[in-house]
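Below is a structure I'd like to ask you about.
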Amino acid sequence: MWDNHGGRGSRVSWRGSATLCAAGYGVLTGWRDYRAMFTWQSWLFGWLARLLCQVLFFSSLGVLLGSESARAYLAVGHAAALAALGAFGVVSSTVGERRSGTLAFLLVSDSNVYVALAARGAYWLVDGVVTAAIALALVPLAVGVPVSGAYAGPILLLLATMGLAAYQLGLALATLSLRWPEARTYLSAGATIALLLFAGVNRPVADSGLPAAVAHVLPVTHGLSALRGVLSGDGLHWGGLLAEACVALGWGAVAYLSLNRSLRHAARRGSLAVG
Amino acid sequence: MTTYLSTQWRLVASQPGLFATLAIMPLYSLVFYTTLRAQDRPDLAPIVALTTFGMSMWAHGMFVASNIVENDRREGVIQQGLLTPAAYQWSMVIRIIGTTALSLVALAEVVVIGVLLGFSTVPESVTLCVLVAMLLVLGTAGAALLVSALGVRVQAIRSLQNALTYPFYLLGGLILPADWLPEPVHWLTRIFFLSHGFRLLQDAAAGHVTDVTSRLAVLLLLVLAQLLVGACALAVVLRAARAGRVPLYG
Amino acid sequence: MTGTGGSMLAVRGLSRRFESRKAPRLALDDVTFDVARGEVLGLLGPNGAGKTTLVRIITTLLLPTSGGATVAGHDVVRDARAVRRTVGLLLGGERGLYSRLTARQNLRYWAALHGLDTRTGRRRVTELLEELGLSDRADEQVRTYSRGMLQRVHLARALLSRAELLIMDEPTNGMDPHAAAAFDDLVRRQRAEGTTVLLATHDMRQAQSLCDRVALIDGGRLRAIGAPDTLLTDAQLLRTVTARGFRAELTPAVRAIGGVLVQSDDDSELVARVTDGAALGALLNALVTVGINEISVTPPSLTELYRARISDRDFQLR
């Protein structure tokens, strides 16, 4: 934090309130973008309906398998995974910063790029957690394995943590999508498939080897395991929650460094065209 | 005509992002195959291979339609295109059908991924499977034309494209037969080319198809109807745009 | 590297090369100049001349390949953060703002990103909206704004942190003449308050009316720098004489005057260039003698200087 501003006359000092204010306005600008994307009708009957169909679709694999337990496993896994998949929306939306020409000003402002972009895309995090919570309430019910409302507190906590971890991974990937906008679809889809393959969404997490190692550093793995524990009546496994929070912190650090350092350096080297 | 077609191809090839779904969606077969392995059900591999092909084909069609419209709108090509009587519509039709047709590659991709993972995914009746898949791709292109028309009309094409994937995977019976769906939507599945064709595709892959000719004829009719509806919708919307009833600016 | 005396911007031997397997490009080649505090320097040159590269290096968005620059004594490579707090950037065009936010919301957001706390930011935004004549529509989404209004919002953003050096890249690009003139007035006001301005532009009228000095850049090299009048004098550009009511039979007599180059002549108008004062006097005398009184003498302009010094690559006919 500095207090030696070079600007003529004002000597503006950097304070926490400026960061908070930037974050607040960032959230507001993002919210406006989200509002421009959807009306309440298109959100409800387009976006949410599509996500619920997605969970139903993957749950129907359980019917094909002829296994009730597989059906329930898939329904819960895919519903909870929406928290992460929603958060990955930030990989694509951040590209808009470059398209709209605001990235150059963001870099010139010497602000904290991580804070600015994390705030701008925060609606994806909220979207993911909300849609996952709705899907968890509705889809297992539809496939005959209802989730008790008594677990709402721990479930929301776990979904929020999973969403946060995935959001941090999304922000780290957003550094790449800002550099190579054409790659944004590949990046978010790649992350989605990795989650479905390794994080215990479709099948239990591998016990050993590379798949197990990958699973442990991926968002969702620990949180989903804890969530399954909650649903089976074992109560909240704090270790799982903590592990998921650690994954969020880890990816948050990667995102922080990549957005505040790599991105700026890439721009200055001339390998990222801004403005 | 050659120049016209090669220009259309260059327009498509200059947007590598248009092929993103074809590179990504077949990877969903890994998710399905590993689930089958965990559940010890390798016998279902041919079904999930086709499921992934169906997802890839449909998602690619929707993506292509929205992407082409969005790009043309952003680059101001739509309003320029309207100055060329009828040619712009044909440009859209050729680009959308041509690019959607590439999704046939996904069929080979998912079969090969399955074989590489040790599953028996090669269809029993390869010729019939390819024929049905080709018809399905054409039908999907027809649906994509319809979506492109909606895209010119409503502007929020991205949200629309996103919403048009999984509901149609369910309606098309990509995993479970469409009659697993609730009774009120059964009539829709009967007139939807994908529901009809996918059942035929799955039967052809399993090697026990009855009434091939009549089922193919029905599929052909449904596919042609879908193409016609798509092309007509696009023509109507572009005519409305020319008359100034559709805003072309963001 | 340190700044030079009273200069706000010191550029020394600045080069930037863009590596590419197909066609590596030297965008800036050994550029050196200074901008004094409170001065307005115009950067003139064709597209691709290196103006934007120079602007990006000075604003710390791009690293130089060699050479360097300082802003208020801060090195653009080593003290990038200090430089960012000293410069305000304004780019032409419609991009660079959040179109669905109002001008006030945009500016408050950017104020926060520039490190102004909430209260200071709010006050500064209100001041600038008032100063730039945006108060009436400050709470409307900027996507409803005209190009001229958008540029005023851009200018307001560049002024948020009371930048000492204002860098503008094609600020009036696409503006109608009224909006461009109003924008020039705003820049003059900033200059009167002591702000140093670096103005990259294609608009010769704007450069001539706003700039204390201009720098001509072409092919990445600085071709000339100086006050417009000095440059025009040094370039020995010719004055143009236009005479209405001219008669073609007088042409041989005019051509006979030393130092007069006839550009066009017909039954109604003569356009001729004169090399010096003596030639001008002789021509005027000859015209008045035959009863032609509707005569105008136009001094050379920056446009002519530009056309004389900068090669025309884009429109060369082969």
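Labels A, B and C are assigned to the chains in the order they are written; within every chain, residues are numbered from 1.
Convention: contacts are C-beta pairs under 8 Å (C-beta built on N, C-alpha and C of every residue); 3 or more make two chains touch, one makes a residue touch a chain.
Which protein is which chain? UniProt says A, B = ABC-2 type transporter transmembrane domain-containing protein; C = ABC transporter ATP-binding protein.
The model shown is predicted, which means the values in this text are computed figures rather than measured ones.
J.: Of all the chains shown, whose C-alpha centre falls nearest the centre of every protein C-alpha atom combined?
T.: A
J.: If every chain is reduced to the average of its C-alpha atoms, which one ends up farthest from chain B?
T.: Farthest by centroid: C.
J.: So what's the Cα centroid distance for chain A and chain C, whole Å?
T.: 45
J.: Calculate how many whole Å lie between the centre of chain B and the centre of chain C, each centre taken as the average of the chain's C-alpha atoms.
T.: 53
J.: Distance-wise, how many Å sit between the C-alpha centres of chain A and chain B, to the nearest whole number?
T.: Computed from C-alpha means, the inter-chain centre distance equals 29 Å.
J.: For the complex, give me every residue of chain C touching chain A.
T.: Those residues of chain C that touch chain A are 16, 18, 56, 59-63, 72, 74, 80-82, 84-87, 89, 91, 93, 95-101, 105, 108-118, 120-121, 124, 157, 161-164, 194-195.
J.: How about chain A: which of its residues touch chain B in the complex?
T.: 37-38, 42, 45-47, 49-51, 53-54, 56-57, 60-61, 63-65, 67, 70, 74, 182, 185-186, 189-190, 193, 196-197, 202-204
J.: In the complex of these two chains, what residues of chain B are touching chain A?
T.: 16-17, 20-21, 23-24, 27-28, 30-32, 34-36, 38-39, 41, 44, 47-48, 156, 158-160, 162-167, 169-170, 174-176, 180
J.: Quick check: in the complex, which residue numbers of chain A touch chain C?
T.: Those in contact with chain C are residues 5-10, 12-15, 17-22, 24-26, 28-29, 32-33, 35-36, 100-102, 104-111, 116, 267-270, 274-275.
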